[in-house]
Amino acid sequence: MNTKKYGKILSENLFSNNPVFVQILGICSTLAVTNNFINTLVMASGVTLSTAFSNFTISAIKDLIPRKVRMIVQVLIISFYVIIFDLFLKAFVPQVSKVLGPYVGLIITNCILMGRAEAFAQANPPLLSFWDGISSGLGYMYVLCTIAFVRELLGFGTILNIRVMPDSFLPWTIMVMAPSAFFILGIFIWIVKGPLLQKGGNRK
Amino acid sequence: MNRNSKIYTVLFTFIISFVFILILSFFNGMTIQRTEKNKTLSTMKAILNSMGIEYADDDQAYALFSKSIKHEKKDSLDIYTFSGLSDTAIAVIFNGSGLWGSITGSVAFDKDISMLLGVDFISQNETPGLGGRIEEKWFKDQFKNRVVSEKPLELSKNKTGKGIYDSLSNEIDAVTGASLTSTYLLNIINSYIYKAKKVLGVSRYEH
Amino acid sequence: MRPDVTPLILFIASIFTSNILLSNFLGMCSFISVSKDFKSSNGLGLAVTLTLTITTALNWLVYKYVILPLKLEYLTYIVFIIVIAAVVQVLEMLIERISSSLYMALGIFLPLITVNCAIFGVALFMQLRNYDFIQSVFFGAGSGLGWWLAIVTLAAIRKKVDVAPIPSALKGPGITLITIGFMAMAFIGFSGMISVQ
(Lines give C-alpha, C1' and ligand atoms only; values in the text may rest on other atoms or scores of the structure.)
Protein backbone atom coordinates (compact mmCIF):
# COMPACT_ATOMS: atom_id res chain seq x y z
CA MET A 1 0.00 0.00 0.00
CA ASN A 2 1.21 3.42 -0.88
CA THR A 3 1.64 5.33 2.39
CA LYS A 4 2.03 8.59 0.56
CA LYS A 5 -1.45 8.17 -0.86
CA TYR A 6 -2.90 7.54 2.58
CA GLY A 7 -1.10 10.56 3.93
CA LYS A 8 -2.43 12.75 1.13
CA ILE A 9 -6.01 11.63 1.73
CA LEU A 10 -5.62 12.31 5.44
CA SER A 11 -4.27 15.81 4.99
CA GLU A 12 -6.91 16.65 2.43
CA ASN A 13 -9.77 15.47 4.56
CA LEU A 14 -8.39 17.25 7.57
CA PHE A 15 -7.60 20.57 5.92
CA SER A 16 -7.78 21.45 2.26
CA ASN A 17 -10.93 19.44 1.60
CA ASN A 18 -12.38 19.37 5.09
CA PRO A 19 -15.98 18.18 4.92
CA VAL A 20 -17.26 20.86 7.26
CA PHE A 21 -15.49 24.08 6.51
CA VAL A 22 -14.50 23.52 2.90
CA GLN A 23 -17.15 21.25 1.43
CA ILE A 24 -19.78 22.64 3.80
CA LEU A 25 -21.28 19.22 4.44
CA GLY A 26 -22.70 17.68 7.59
CA ILE A 27 -23.70 21.04 8.95
CA CYS A 28 -26.98 19.90 10.47
CA SER A 29 -25.59 17.74 13.19
CA THR A 30 -22.58 20.02 13.56
CA LEU A 31 -24.78 22.69 14.92
CA ALA A 32 -27.35 20.64 16.81
CA VAL A 33 -25.18 18.73 19.25
CA THR A 34 -22.27 21.08 19.80
CA ASN A 35 -23.48 22.66 23.02
CA ASN A 36 -22.02 19.76 24.95
CA PHE A 37 -18.58 18.29 24.42
CA ILE A 38 -19.34 14.67 25.32
CA ASN A 39 -22.40 14.50 23.09
CA THR A 40 -20.35 15.95 20.27
CA LEU A 41 -17.63 13.34 20.78
CA VAL A 42 -20.11 10.46 20.66
CA MET A 43 -21.83 11.93 17.61
CA ALA A 44 -18.56 12.43 15.77
CA SER A 45 -17.44 8.87 16.55
CA GLY A 46 -20.70 7.63 15.10
CA VAL A 47 -20.17 9.62 11.93
CA THR A 48 -16.54 8.49 11.60
CA LEU A 49 -17.32 4.80 12.06
CA SER A 50 -20.40 4.85 9.86
CA THR A 51 -18.63 6.68 7.05
CA ALA A 52 -15.65 4.36 7.19
CA PHE A 53 -17.65 1.14 7.16
CA SER A 54 -20.23 2.24 4.63
CA ASN A 55 -17.47 3.54 2.36
CA PHE A 56 -15.75 0.16 2.66
CA THR A 57 -18.90 -1.81 1.87
CA ILE A 58 -19.99 0.40 -0.99
CA SER A 59 -16.55 0.28 -2.52
CA ALA A 60 -16.45 -3.50 -2.15
CA ILE A 61 -19.69 -4.07 -4.06
CA LYS A 62 -19.61 -1.06 -6.34
CA ASP A 63 -19.31 -3.20 -9.44
CA LEU A 64 -22.44 -5.12 -8.53
CA ILE A 65 -24.78 -2.20 -7.95
CA PRO A 66 -27.18 -1.49 -10.82
CA ARG A 67 -27.09 2.10 -11.99
CA LYS A 68 -30.76 2.84 -11.34
CA VAL A 69 -30.73 1.97 -7.68
CA ARG A 70 -27.32 3.33 -6.84
CA MET A 71 -28.46 6.06 -4.47
CA ILE A 72 -31.01 3.95 -2.66
CA VAL A 73 -28.55 1.10 -2.15
CA GLN A 74 -26.01 3.55 -0.74
CA VAL A 75 -28.61 4.92 1.65
CA LEU A 76 -29.50 1.36 2.65
CA ILE A 77 -25.89 0.52 3.47
CA ILE A 78 -25.42 3.77 5.38
CA SER A 79 -28.62 3.19 7.36
CA PHE A 80 -27.45 -0.32 8.17
CA TYR A 81 -24.30 0.84 9.91
CA VAL A 82 -25.98 3.76 11.65
CA ILE A 83 -28.69 1.50 13.03
CA ILE A 84 -26.06 -0.83 14.45
CA PHE A 85 -24.33 2.13 16.09
CA ASP A 86 -27.66 3.28 17.49
CA LEU A 87 -28.52 -0.17 18.83
CA PHE A 88 -25.19 -0.36 20.63
CA LEU A 89 -25.63 3.11 22.11
CA LYS A 90 -29.09 2.25 23.41
CA ALA A 91 -27.82 -0.97 24.95
CA PHE A 92 -24.51 0.15 26.43
CA VAL A 93 -24.72 3.88 27.07
CA PRO A 94 -28.45 4.63 27.42
CA GLN A 95 -27.87 8.05 29.05
CA VAL A 96 -26.00 9.34 26.03
CA SER A 97 -28.48 7.71 23.68
CA LYS A 98 -31.31 9.52 25.41
CA VAL A 99 -29.65 12.90 25.07
CA LEU A 100 -28.62 12.46 21.44
CA GLY A 101 -32.01 11.01 20.61
CA PRO A 102 -33.01 11.40 16.98
CA TYR A 103 -29.70 13.00 16.01
CA VAL A 104 -28.05 9.58 15.85
CA GLY A 105 -30.59 8.47 13.27
CA LEU A 106 -29.93 11.70 11.45
CA ILE A 107 -26.39 10.53 10.75
CA ILE A 108 -28.02 8.61 7.92
CA THR A 109 -28.94 11.83 6.17
CA ASN A 110 -25.67 13.51 7.07
CA CYS A 111 -24.41 14.75 3.73
CA ILE A 112 -20.85 13.71 4.55
CA LEU A 113 -21.68 10.01 4.34
CA MET A 114 -23.52 10.27 1.06
CA GLY A 115 -20.94 12.73 -0.21
CA ARG A 116 -17.98 10.45 0.45
CA ALA A 117 -19.84 7.44 -0.94
CA GLU A 118 -20.46 9.24 -4.22
CA ALA A 119 -17.20 11.09 -4.48
CA PHE A 120 -14.78 8.48 -3.24
CA ALA A 121 -16.11 4.99 -2.61
CA GLN A 122 -17.59 4.73 -6.08
CA ALA A 123 -14.19 5.15 -7.65
CA ASN A 124 -11.68 3.69 -5.23
CA PRO A 125 -10.67 0.35 -3.68
CA PRO A 126 -12.25 -0.73 -0.36
CA LEU A 127 -9.35 -0.24 2.05
CA LEU A 128 -8.58 3.21 0.70
CA SER A 129 -12.27 4.08 0.95
CA PHE A 130 -12.31 2.92 4.55
CA TRP A 131 -9.39 5.20 5.26
CA ASP A 132 -11.11 8.06 3.46
CA GLY A 133 -14.12 7.51 5.71
CA ILE A 134 -12.01 7.56 8.87
CA SER A 135 -10.11 10.66 7.85
CA SER A 136 -13.26 12.53 6.78
CA GLY A 137 -14.76 11.61 10.11
CA LEU A 138 -11.71 12.91 11.93
CA GLY A 139 -11.82 16.13 9.93
CA TYR A 140 -15.44 16.47 11.00
CA MET A 141 -14.62 15.57 14.58
CA TYR A 142 -12.02 18.17 15.36
CA VAL A 143 -14.11 21.01 13.90
CA LEU A 144 -17.12 19.96 15.95
CA CYS A 145 -15.10 19.48 19.09
CA THR A 146 -13.63 22.97 18.76
CA ILE A 147 -17.08 24.50 18.39
CA ALA A 148 -18.38 22.36 21.27
CA PHE A 149 -15.47 23.42 23.47
CA VAL A 150 -16.27 27.09 22.95
CA ARG A 151 -20.02 26.67 23.28
CA GLU A 152 -19.95 24.52 26.37
CA LEU A 153 -17.31 26.64 28.07
CA LEU A 154 -19.04 29.94 27.49
CA GLY A 155 -22.60 28.67 27.59
CA PHE A 156 -22.43 26.48 30.67
CA GLY A 157 -19.06 27.20 32.21
CA THR A 158 -18.18 23.52 32.07
CA ILE A 159 -16.02 21.20 30.04
CA LEU A 160 -16.93 17.53 29.91
CA ASN A 161 -19.63 18.41 32.44
CA ILE A 162 -17.02 19.53 34.96
CA ARG A 163 -17.37 23.08 36.15
CA VAL A 164 -14.33 24.99 34.95
CA MET A 165 -15.27 28.64 35.03
CA PRO A 166 -15.33 30.48 38.37
CA ASP A 167 -18.65 30.81 40.16
CA SER A 168 -18.90 34.46 39.34
CA PHE A 169 -18.94 33.70 35.64
CA LEU A 170 -22.32 34.43 34.16
CA PRO A 171 -22.88 31.97 31.36
CA TRP A 172 -23.55 33.37 27.91
CA THR A 173 -26.90 31.77 27.28
CA ILE A 174 -26.72 32.63 23.62
CA MET A 175 -23.97 30.04 23.36
CA VAL A 176 -26.40 27.35 24.31
CA MET A 177 -28.97 28.39 21.78
CA ALA A 178 -29.09 27.94 18.03
CA PRO A 179 -27.63 31.21 16.69
CA SER A 180 -24.25 30.89 18.38
CA ALA A 181 -23.50 27.68 16.50
CA PHE A 182 -23.96 29.48 13.20
CA PHE A 183 -21.80 32.40 14.33
CA ILE A 184 -18.98 30.26 15.63
CA LEU A 185 -18.90 28.08 12.55
CA GLY A 186 -18.95 31.17 10.35
CA ILE A 187 -16.07 32.69 12.28
CA PHE A 188 -14.19 29.39 12.22
CA ILE A 189 -14.51 29.33 8.43
CA TRP A 190 -13.36 32.93 8.29
CA ILE A 191 -10.25 32.20 10.35
CA VAL A 192 -9.34 29.08 8.43
CA LYS A 193 -10.10 30.30 4.95
CA GLY A 194 -7.51 33.06 5.07
CA PRO A 195 -4.45 30.79 5.08
CA LEU A 196 -6.30 28.25 2.94
CA LEU A 197 -6.95 30.76 0.20
CA GLN A 198 -3.37 31.96 0.25
CA LYS A 199 -2.00 28.42 0.12
CA GLY A 200 -4.32 26.69 -2.30
CA GLY A 201 -5.29 29.61 -4.47
CA ASN A 202 -6.05 28.25 -7.91
CA ARG A 203 -6.34 24.56 -7.13
CA LYS A 204 -10.12 24.26 -7.13
CA MET B 1 -26.11 -11.09 -16.52
CA ASN B 2 -26.08 -7.45 -17.41
CA ARG B 3 -26.00 -5.53 -14.16
CA ASN B 4 -28.25 -2.82 -15.50
CA SER B 5 -31.03 -5.11 -16.69
CA LYS B 6 -34.39 -4.90 -14.97
CA ILE B 7 -34.26 -8.44 -13.63
CA TYR B 8 -30.82 -8.01 -12.13
CA THR B 9 -31.85 -4.69 -10.57
CA VAL B 10 -34.86 -6.17 -8.85
CA LEU B 11 -32.99 -9.30 -7.80
CA PHE B 12 -30.05 -7.34 -6.47
CA THR B 13 -32.24 -4.99 -4.46
CA PHE B 14 -34.14 -7.86 -2.93
CA ILE B 15 -31.06 -9.86 -2.02
CA ILE B 16 -29.15 -6.97 -0.57
CA SER B 17 -32.13 -5.76 1.47
CA PHE B 18 -32.70 -9.28 2.70
CA VAL B 19 -29.09 -9.79 3.76
CA PHE B 20 -28.84 -6.48 5.56
CA ILE B 21 -32.17 -6.80 7.33
CA LEU B 22 -31.21 -10.29 8.43
CA ILE B 23 -27.99 -9.03 9.96
CA LEU B 24 -29.86 -6.17 11.60
CA SER B 25 -32.38 -8.50 13.21
CA PHE B 26 -29.46 -10.45 14.56
CA PHE B 27 -27.97 -7.36 16.14
CA ASN B 28 -31.36 -6.29 17.38
CA GLY B 29 -31.94 -9.65 18.99
CA MET B 30 -28.55 -9.45 20.62
CA THR B 31 -29.13 -6.09 22.22
CA ILE B 32 -32.84 -5.98 22.87
CA GLN B 33 -32.83 -7.66 26.24
CA ARG B 34 -30.21 -5.28 27.49
CA THR B 35 -32.07 -2.28 26.11
CA GLU B 36 -35.32 -3.35 27.74
CA LYS B 37 -33.58 -3.90 31.05
CA ASN B 38 -32.06 -0.43 30.74
CA LYS B 39 -35.52 1.06 30.32
CA THR B 40 -36.96 -0.73 33.36
CA LEU B 41 -33.87 0.10 35.35
CA SER B 42 -34.10 3.78 34.44
CA THR B 43 -37.70 3.93 35.66
CA MET B 44 -36.66 2.23 38.89
CA LYS B 45 -33.74 4.59 39.36
CA ALA B 46 -35.97 7.61 38.71
CA ILE B 47 -38.33 6.49 41.43
CA LEU B 48 -35.51 5.79 43.88
CA ASN B 49 -33.84 9.11 43.05
CA SER B 50 -37.00 11.11 43.57
CA MET B 51 -37.36 9.51 46.99
CA GLY B 52 -33.81 10.43 47.83
CA ILE B 53 -32.81 6.81 48.31
CA GLU B 54 -29.18 6.14 47.52
CA TYR B 55 -27.70 3.11 45.86
CA ALA B 56 -24.16 2.17 44.95
CA ASP B 57 -24.76 0.81 41.48
CA ASP B 58 -27.38 -0.50 39.08
CA ASP B 59 -27.51 -3.95 40.65
CA GLN B 60 -28.11 -2.54 44.08
CA ALA B 61 -30.79 -0.24 42.67
CA TYR B 62 -32.52 -3.22 41.10
CA ALA B 63 -32.29 -5.27 44.29
CA LEU B 64 -33.45 -2.41 46.51
CA PHE B 65 -36.39 -1.69 44.26
CA SER B 66 -37.53 -5.29 43.97
CA LYS B 67 -37.27 -5.79 47.70
CA SER B 68 -38.64 -2.64 49.24
CA ILE B 69 -40.93 -0.96 46.76
CA LYS B 70 -44.59 -1.79 46.37
CA HIS B 71 -46.63 -0.72 43.41
CA GLU B 72 -50.32 0.03 43.36
CA LYS B 73 -52.74 1.93 41.19
CA LYS B 74 -55.29 4.23 42.74
CA ASP B 75 -57.62 6.59 40.90
CA SER B 76 -55.47 6.42 37.74
CA LEU B 77 -52.33 7.29 39.72
CA ASP B 78 -49.28 5.03 39.59
CA ILE B 79 -48.11 4.85 43.18
CA TYR B 80 -44.86 3.38 44.51
CA THR B 81 -44.44 3.03 48.23
CA PHE B 82 -41.18 2.54 50.04
CA SER B 83 -41.42 1.23 53.57
CA GLY B 84 -38.10 1.60 55.25
CA LEU B 85 -37.06 0.96 58.84
CA SER B 86 -37.71 4.50 59.95
CA ASP B 87 -39.63 6.20 57.23
CA THR B 88 -42.04 5.83 54.38
CA ALA B 89 -41.88 7.48 51.03
CA ILE B 90 -44.55 7.63 48.39
CA ALA B 91 -43.76 8.29 44.73
CA VAL B 92 -46.27 9.09 42.05
CA ILE B 93 -45.56 8.81 38.34
CA PHE B 94 -46.38 12.06 36.58
CA ASN B 95 -47.00 12.54 32.91
CA GLY B 96 -47.97 15.67 31.02
CA SER B 97 -47.30 17.87 28.03
CA GLY B 98 -44.02 19.69 27.79
CA LEU B 99 -43.16 22.10 25.05
CA TRP B 100 -42.80 19.41 22.41
CA GLY B 101 -43.90 16.09 23.75
CA SER B 102 -44.68 14.38 27.02
CA ILE B 103 -42.62 14.74 30.14
CA THR B 104 -42.75 11.69 32.36
CA GLY B 105 -41.17 11.26 35.74
CA SER B 106 -41.54 10.49 39.39
CA VAL B 107 -42.44 12.91 42.18
CA ALA B 108 -41.98 11.67 45.74
CA PHE B 109 -43.57 12.71 49.04
CA ASP B 110 -43.46 11.75 52.66
CA LYS B 111 -46.32 9.64 53.94
CA ASP B 112 -48.64 12.59 54.71
CA ILE B 113 -48.00 14.38 51.46
CA SER B 114 -46.83 17.28 53.57
CA MET B 115 -43.31 17.31 52.23
CA LEU B 116 -42.05 17.01 48.68
CA LEU B 117 -39.02 14.72 48.75
CA GLY B 118 -37.81 15.18 45.21
CA VAL B 119 -38.35 14.80 41.50
CA ASP B 120 -36.67 12.76 38.78
CA PHE B 121 -37.39 12.17 35.11
CA ILE B 122 -38.14 9.06 33.11
CA SER B 123 -38.53 10.58 29.69
CA GLN B 124 -38.78 13.96 28.02
CA ASN B 125 -38.40 15.33 24.53
CA GLU B 126 -37.56 18.93 25.24
CA THR B 127 -34.91 20.81 23.32
CA PRO B 128 -31.47 19.36 24.09
CA GLY B 129 -29.29 21.91 25.87
CA LEU B 130 -32.28 24.04 26.77
CA GLY B 131 -35.53 22.49 28.01
CA GLY B 132 -33.63 19.21 28.27
CA ARG B 133 -31.61 20.73 31.11
CA ILE B 134 -34.46 20.07 33.52
CA GLU B 135 -32.68 16.75 33.98
CA GLU B 136 -29.62 18.41 35.46
CA LYS B 137 -28.85 17.94 39.15
CA TRP B 138 -28.97 21.62 40.12
CA PHE B 139 -32.49 21.93 38.73
CA LYS B 140 -33.86 18.70 40.22
CA ASP B 141 -32.32 19.42 43.61
CA GLN B 142 -34.58 22.44 43.94
CA PHE B 143 -37.47 20.04 44.51
CA LYS B 144 -35.73 18.22 47.34
CA ASN B 145 -37.38 18.50 50.73
CA ARG B 146 -39.83 21.28 50.00
CA VAL B 147 -42.75 21.82 52.31
CA VAL B 148 -46.01 21.31 50.46
CA SER B 149 -48.04 24.43 51.00
CA GLU B 150 -51.25 26.07 49.90
CA LYS B 151 -49.43 28.01 47.21
CA PRO B 152 -48.47 26.06 44.08
CA LEU B 153 -44.85 26.06 42.94
CA GLU B 154 -44.04 28.93 40.63
CA LEU B 155 -41.10 30.28 38.69
CA SER B 156 -38.99 32.82 40.51
CA LYS B 157 -38.88 36.35 39.11
CA ASN B 158 -35.21 36.84 39.95
CA LYS B 159 -33.61 34.61 37.41
CA THR B 160 -30.20 33.57 38.56
CA GLY B 161 -30.26 30.21 36.84
CA LYS B 162 -28.47 28.78 39.84
CA GLY B 163 -31.36 27.23 41.71
CA ILE B 164 -33.38 28.01 44.80
CA TYR B 165 -32.92 25.57 47.66
CA ASP B 166 -35.14 27.03 50.33
CA SER B 167 -37.29 24.38 51.95
CA LEU B 168 -40.09 26.78 52.82
CA SER B 169 -40.18 28.66 49.54
CA ASN B 170 -42.59 27.94 46.72
CA GLU B 171 -40.30 29.40 44.09
CA ILE B 172 -38.30 27.46 41.54
CA ASP B 173 -35.56 28.88 39.36
CA ALA B 174 -36.25 28.17 35.68
CA VAL B 175 -33.70 26.83 33.26
CA THR B 176 -32.12 29.85 31.58
CA GLY B 177 -33.45 30.16 28.06
CA ALA B 178 -36.12 27.53 28.65
CA SER B 179 -38.88 29.36 30.47
CA LEU B 180 -41.63 27.61 28.50
CA THR B 181 -40.43 24.11 29.34
CA SER B 182 -39.89 25.14 32.95
CA THR B 183 -43.42 26.56 33.14
CA TYR B 184 -45.03 23.47 31.65
CA LEU B 185 -43.06 21.24 33.98
CA LEU B 186 -44.21 23.18 37.04
CA ASN B 187 -47.79 22.97 35.82
CA ILE B 188 -47.47 19.20 35.60
CA ILE B 189 -45.85 18.87 39.01
CA ASN B 190 -48.36 21.17 40.67
CA SER B 191 -51.26 19.21 39.23
CA TYR B 192 -49.80 15.94 40.53
CA ILE B 193 -49.14 17.46 43.96
CA TYR B 194 -52.81 18.34 44.03
CA LYS B 195 -53.85 14.87 42.86
CA ALA B 196 -51.58 13.19 45.39
CA LYS B 197 -52.98 15.31 48.20
CA LYS B 198 -56.51 14.51 47.16
CA VAL B 199 -56.06 10.79 46.74
CA LEU B 200 -53.48 9.99 49.40
CA GLY B 201 -52.96 12.82 51.76
CA VAL B 202 -54.62 14.91 54.34
CA SER B 203 -56.57 17.48 52.45
CA ARG B 204 -55.92 20.35 54.80
CA TYR B 205 -55.81 22.85 51.99
CA GLU B 206 -58.49 23.32 49.41
CA HIS B 207 -57.53 24.54 46.00
CA MET C 1 -49.27 9.35 25.44
CA ARG C 2 -50.23 11.89 22.85
CA PRO C 3 -49.10 15.34 23.88
CA ASP C 4 -51.80 17.94 24.31
CA VAL C 5 -50.62 20.41 21.70
CA THR C 6 -53.36 21.57 19.35
CA PRO C 7 -52.49 21.07 15.68
CA LEU C 8 -52.85 24.75 14.89
CA ILE C 9 -50.41 25.81 17.59
CA LEU C 10 -48.03 23.07 16.45
CA PHE C 11 -48.34 24.39 12.90
CA ILE C 12 -47.49 27.96 13.84
CA ALA C 13 -44.79 26.93 16.27
CA SER C 14 -43.00 24.82 13.69
CA ILE C 15 -42.91 27.74 11.25
CA PHE C 16 -41.71 30.39 13.65
CA THR C 17 -40.66 29.56 17.15
CA SER C 18 -39.12 26.20 16.48
CA ASN C 19 -38.28 26.57 12.84
CA ILE C 20 -36.89 23.31 11.53
CA LEU C 21 -33.87 25.08 10.06
CA LEU C 22 -33.12 27.91 12.42
CA SER C 23 -33.84 26.15 15.70
CA ASN C 24 -33.38 22.50 14.90
CA PHE C 25 -30.61 22.84 12.31
CA LEU C 26 -32.18 20.39 9.91
CA GLY C 27 -31.93 20.71 6.14
CA MET C 28 -28.84 22.90 6.16
CA CYS C 29 -26.86 21.57 3.20
CA SER C 30 -29.31 22.40 0.45
CA PHE C 31 -30.29 25.50 2.40
CA ILE C 32 -26.81 26.93 2.09
CA SER C 33 -26.14 25.89 -1.48
CA VAL C 34 -29.50 26.66 -3.10
CA SER C 35 -30.08 30.01 -1.40
CA LYS C 36 -27.67 31.57 -3.86
CA ASP C 37 -30.54 31.85 -6.30
CA PHE C 38 -33.94 33.19 -5.40
CA LYS C 39 -35.99 31.33 -8.00
CA SER C 40 -34.56 27.91 -7.22
CA SER C 41 -34.99 28.61 -3.52
CA ASN C 42 -38.67 29.24 -4.10
CA GLY C 43 -39.07 26.08 -6.14
CA LEU C 44 -37.12 23.97 -3.69
CA GLY C 45 -39.09 25.39 -0.78
CA LEU C 46 -42.31 24.36 -2.46
CA ALA C 47 -40.97 20.88 -3.19
CA VAL C 48 -39.75 20.44 0.38
CA THR C 49 -43.09 21.57 1.81
CA LEU C 50 -45.03 19.13 -0.34
CA THR C 51 -42.64 16.29 0.40
CA LEU C 52 -42.67 17.00 4.13
CA THR C 53 -46.44 17.07 4.43
CA ILE C 54 -46.93 13.89 2.43
CA THR C 55 -44.07 11.89 3.91
CA THR C 56 -44.79 12.80 7.52
CA ALA C 57 -48.39 11.67 7.09
CA LEU C 58 -47.37 8.50 5.24
CA ASN C 59 -44.64 7.66 7.73
CA TRP C 60 -47.12 8.02 10.57
CA LEU C 61 -49.43 5.53 8.89
CA VAL C 62 -46.59 3.12 8.14
CA TYR C 63 -45.30 3.38 11.69
CA LYS C 64 -48.67 2.75 13.25
CA TYR C 65 -49.97 0.03 10.95
CA VAL C 66 -46.83 -1.75 9.83
CA ILE C 67 -43.86 -1.22 12.13
CA LEU C 68 -45.55 -1.34 15.50
CA PRO C 69 -47.74 -4.41 14.93
CA LEU C 70 -44.80 -6.33 13.48
CA LYS C 71 -42.41 -5.13 16.20
CA LEU C 72 -39.93 -3.87 13.64
CA GLU C 73 -38.93 -0.74 15.56
CA TYR C 74 -35.26 -1.25 14.80
CA LEU C 75 -36.03 -0.93 11.10
CA THR C 76 -37.80 2.39 11.52
CA TYR C 77 -34.97 4.45 10.01
CA ILE C 78 -34.73 2.32 6.90
CA VAL C 79 -38.48 2.20 6.34
CA PHE C 80 -38.86 5.97 6.76
CA ILE C 81 -36.08 6.66 4.28
CA ILE C 82 -37.56 4.30 1.74
CA VAL C 83 -40.96 5.95 2.04
CA ILE C 84 -39.30 9.34 1.56
CA ALA C 85 -37.33 8.11 -1.46
CA ALA C 86 -40.49 6.73 -3.04
CA VAL C 87 -42.47 9.94 -2.47
CA VAL C 88 -39.67 12.07 -3.91
CA GLN C 89 -39.49 9.83 -6.97
CA VAL C 90 -43.22 10.21 -7.60
CA LEU C 91 -43.03 13.96 -6.95
CA GLU C 92 -40.18 14.24 -9.43
CA MET C 93 -42.26 12.59 -12.12
CA LEU C 94 -45.22 14.85 -11.36
CA ILE C 95 -43.16 18.04 -11.49
CA GLU C 96 -41.57 16.98 -14.74
CA ARG C 97 -45.01 16.55 -16.21
CA ILE C 98 -46.61 19.70 -14.83
CA SER C 99 -43.85 22.30 -15.13
CA SER C 100 -40.70 21.38 -17.02
CA SER C 101 -39.14 24.78 -16.33
CA LEU C 102 -39.33 24.16 -12.59
CA TYR C 103 -37.98 20.69 -13.20
CA MET C 104 -35.00 22.16 -15.08
CA ALA C 105 -34.39 24.79 -12.40
CA LEU C 106 -34.35 22.27 -9.59
CA GLY C 107 -32.06 19.89 -11.43
CA ILE C 108 -30.15 17.70 -9.06
CA PHE C 109 -31.76 19.13 -5.95
CA LEU C 110 -34.93 17.16 -6.38
CA PRO C 111 -33.44 13.70 -5.83
CA LEU C 112 -31.27 15.24 -3.13
CA ILE C 113 -34.40 16.03 -1.13
CA THR C 114 -34.39 12.34 -0.30
CA VAL C 115 -31.39 12.78 1.94
CA ASN C 116 -32.44 16.17 3.21
CA CYS C 117 -32.12 15.83 6.95
CA ALA C 118 -35.18 17.99 7.48
CA ILE C 119 -37.55 15.46 5.97
CA PHE C 120 -36.11 12.50 7.79
CA GLY C 121 -35.74 14.52 10.98
CA VAL C 122 -39.36 15.65 11.01
CA ALA C 123 -40.48 12.04 10.61
CA LEU C 124 -38.23 11.00 13.50
CA PHE C 125 -39.45 13.80 15.77
CA MET C 126 -43.04 12.96 14.91
CA GLN C 127 -42.50 9.35 15.94
CA LEU C 128 -40.52 10.27 19.06
CA ARG C 129 -43.11 12.70 20.34
CA ASN C 130 -46.05 10.36 19.79
CA TYR C 131 -48.10 12.76 17.71
CA ASP C 132 -51.39 11.56 16.33
CA PHE C 133 -52.25 11.72 12.65
CA ILE C 134 -53.63 15.25 12.53
CA GLN C 135 -50.77 16.61 14.62
CA SER C 136 -48.29 14.88 12.31
CA VAL C 137 -49.81 16.42 9.19
CA PHE C 138 -49.78 19.90 10.68
CA PHE C 139 -46.27 19.38 12.02
CA GLY C 140 -45.03 18.26 8.59
CA ALA C 141 -46.76 21.09 6.74
CA GLY C 142 -45.61 23.68 9.27
CA SER C 143 -42.02 22.48 9.17
CA GLY C 144 -42.07 22.61 5.38
CA LEU C 145 -43.43 26.14 5.33
CA GLY C 146 -40.90 27.17 7.94
CA TRP C 147 -38.10 25.77 5.79
CA TRP C 148 -39.49 27.54 2.74
CA LEU C 149 -39.77 30.82 4.60
CA ALA C 150 -36.21 30.54 5.84
CA ILE C 151 -34.70 29.74 2.48
CA VAL C 152 -36.40 32.53 0.53
CA THR C 153 -35.53 35.01 3.26
CA LEU C 154 -31.91 33.94 3.14
CA ALA C 155 -31.88 34.05 -0.66
CA ALA C 156 -33.22 37.60 -0.59
CA ILE C 157 -30.64 38.68 1.96
CA ARG C 158 -27.80 37.00 0.08
CA LYS C 159 -28.61 39.00 -3.03
CA LYS C 160 -27.76 42.12 -1.07
CA VAL C 161 -24.83 40.62 0.79
CA ASP C 162 -23.20 39.40 -2.40
CA VAL C 163 -22.64 42.95 -3.61
CA ALA C 164 -21.41 44.21 -0.27
CA PRO C 165 -17.70 44.62 0.49
CA ILE C 166 -16.66 41.61 2.53
CA PRO C 167 -13.17 40.28 3.33
CA SER C 168 -12.40 37.46 0.92
CA ALA C 169 -11.99 34.84 3.61
CA LEU C 170 -15.45 35.61 4.86
CA LYS C 171 -17.13 35.56 1.44
CA GLY C 172 -19.43 32.70 0.64
CA PRO C 173 -20.08 30.19 3.40
CA GLY C 174 -18.58 32.31 6.19
CA ILE C 175 -20.84 35.32 5.82
CA THR C 176 -23.79 33.10 4.93
CA LEU C 177 -23.52 31.28 8.24
CA ILE C 178 -23.25 34.50 10.19
CA THR C 179 -26.32 35.81 8.35
CA ILE C 180 -28.19 32.63 9.25
CA GLY C 181 -27.13 33.17 12.85
CA PHE C 182 -28.80 36.56 12.87
CA MET C 183 -31.89 35.13 11.26
CA ALA C 184 -31.99 32.46 13.96
CA MET C 185 -31.77 35.15 16.62
CA ALA C 186 -34.60 37.05 14.97
CA PHE C 187 -36.79 33.96 14.92
CA ILE C 188 -36.19 33.41 18.61
CA GLY C 189 -37.99 36.71 19.04
CA PHE C 190 -41.12 34.97 17.84
CA SER C 191 -41.30 32.77 20.89
CA GLY C 192 -43.19 35.44 22.79
CA MET C 193 -45.86 35.24 20.14
CA ILE C 194 -47.51 32.09 21.28
CA SER C 195 -48.53 30.90 24.68
CA VAL C 196 -49.10 27.26 24.13
CA GLN C 197 -51.09 26.37 27.22
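By letter and in written order, the chains are A, B and C; residue numbering begins at 1 in each of them.
Definition applied: a residue touches a chain if its C-beta (ideal position, glycine included) is under 8 Å from a C-beta of that chain, and two chains touch if they have at least 3 such contacts.
This is a predicted model, so every value here is computed, not measured.
In this assembly, the chain whose C-alpha centre lies farthest from subunit A is B. Between A-C and A-B, more C-beta contact pairs join the chains of A-C.
The distance from the centre of subunit A to the centre of subunit B, with each centre set as the mean of the Cα atoms, comes to 31 Å.
Distance from the subunit A centre to the subunit C centre is 21 Å, each centre being the mean of its Cα atoms.
Among the residues of subunit C, those in touch with two or more other chains are 23, 74-75, 78, 125, 128. Residue positions 32, 72, 76, 80, 83, 87, 101, 177 of subunit A each touch two or more of the other chains.
Those residues of subunit B in touch with two or more other chains are numbered 24, 27-28, 125. Taken in their complex, subunit A has these residues touching subunit B: 32-33, 35-36, 39, 61, 63-69, 72-73, 76-77, 80, 83-84, 87-88, 90-92, 94, 98-101, 103, 155, 171, 173, 176-177. Listing the residues of subunit C that touch subunit A in their complex gives 22-29, 32-33, 74-78, 81-82, 85, 111, 114-117, 119-121, 124-125, 128, 167-170, 173-178, 180-182, 184-185, 188. The touching residues of subunit A, when paired with subunit C in their complex, are 21, 24-32, 71-72, 75-76, 79-80, 82-83, 86-87, 101-102, 105-106, 108-111, 114, 174, 177-183, 185-187, 189-191, 193-194, 197. Taken in their complex, subunit B has these residues touching subunit A: 3-5, 8-9, 12-13, 16-17, 20, 23-24, 27-28, 31, 34-35, 38-39, 42, 123, 125, 128-130, 132, 161, 176-177.
Taken together, the subunit B residues at the contact with subunit C in this complex read 21, 24-25, 27-28, 95-102, 104, 125, 127, 180, 184, 187.
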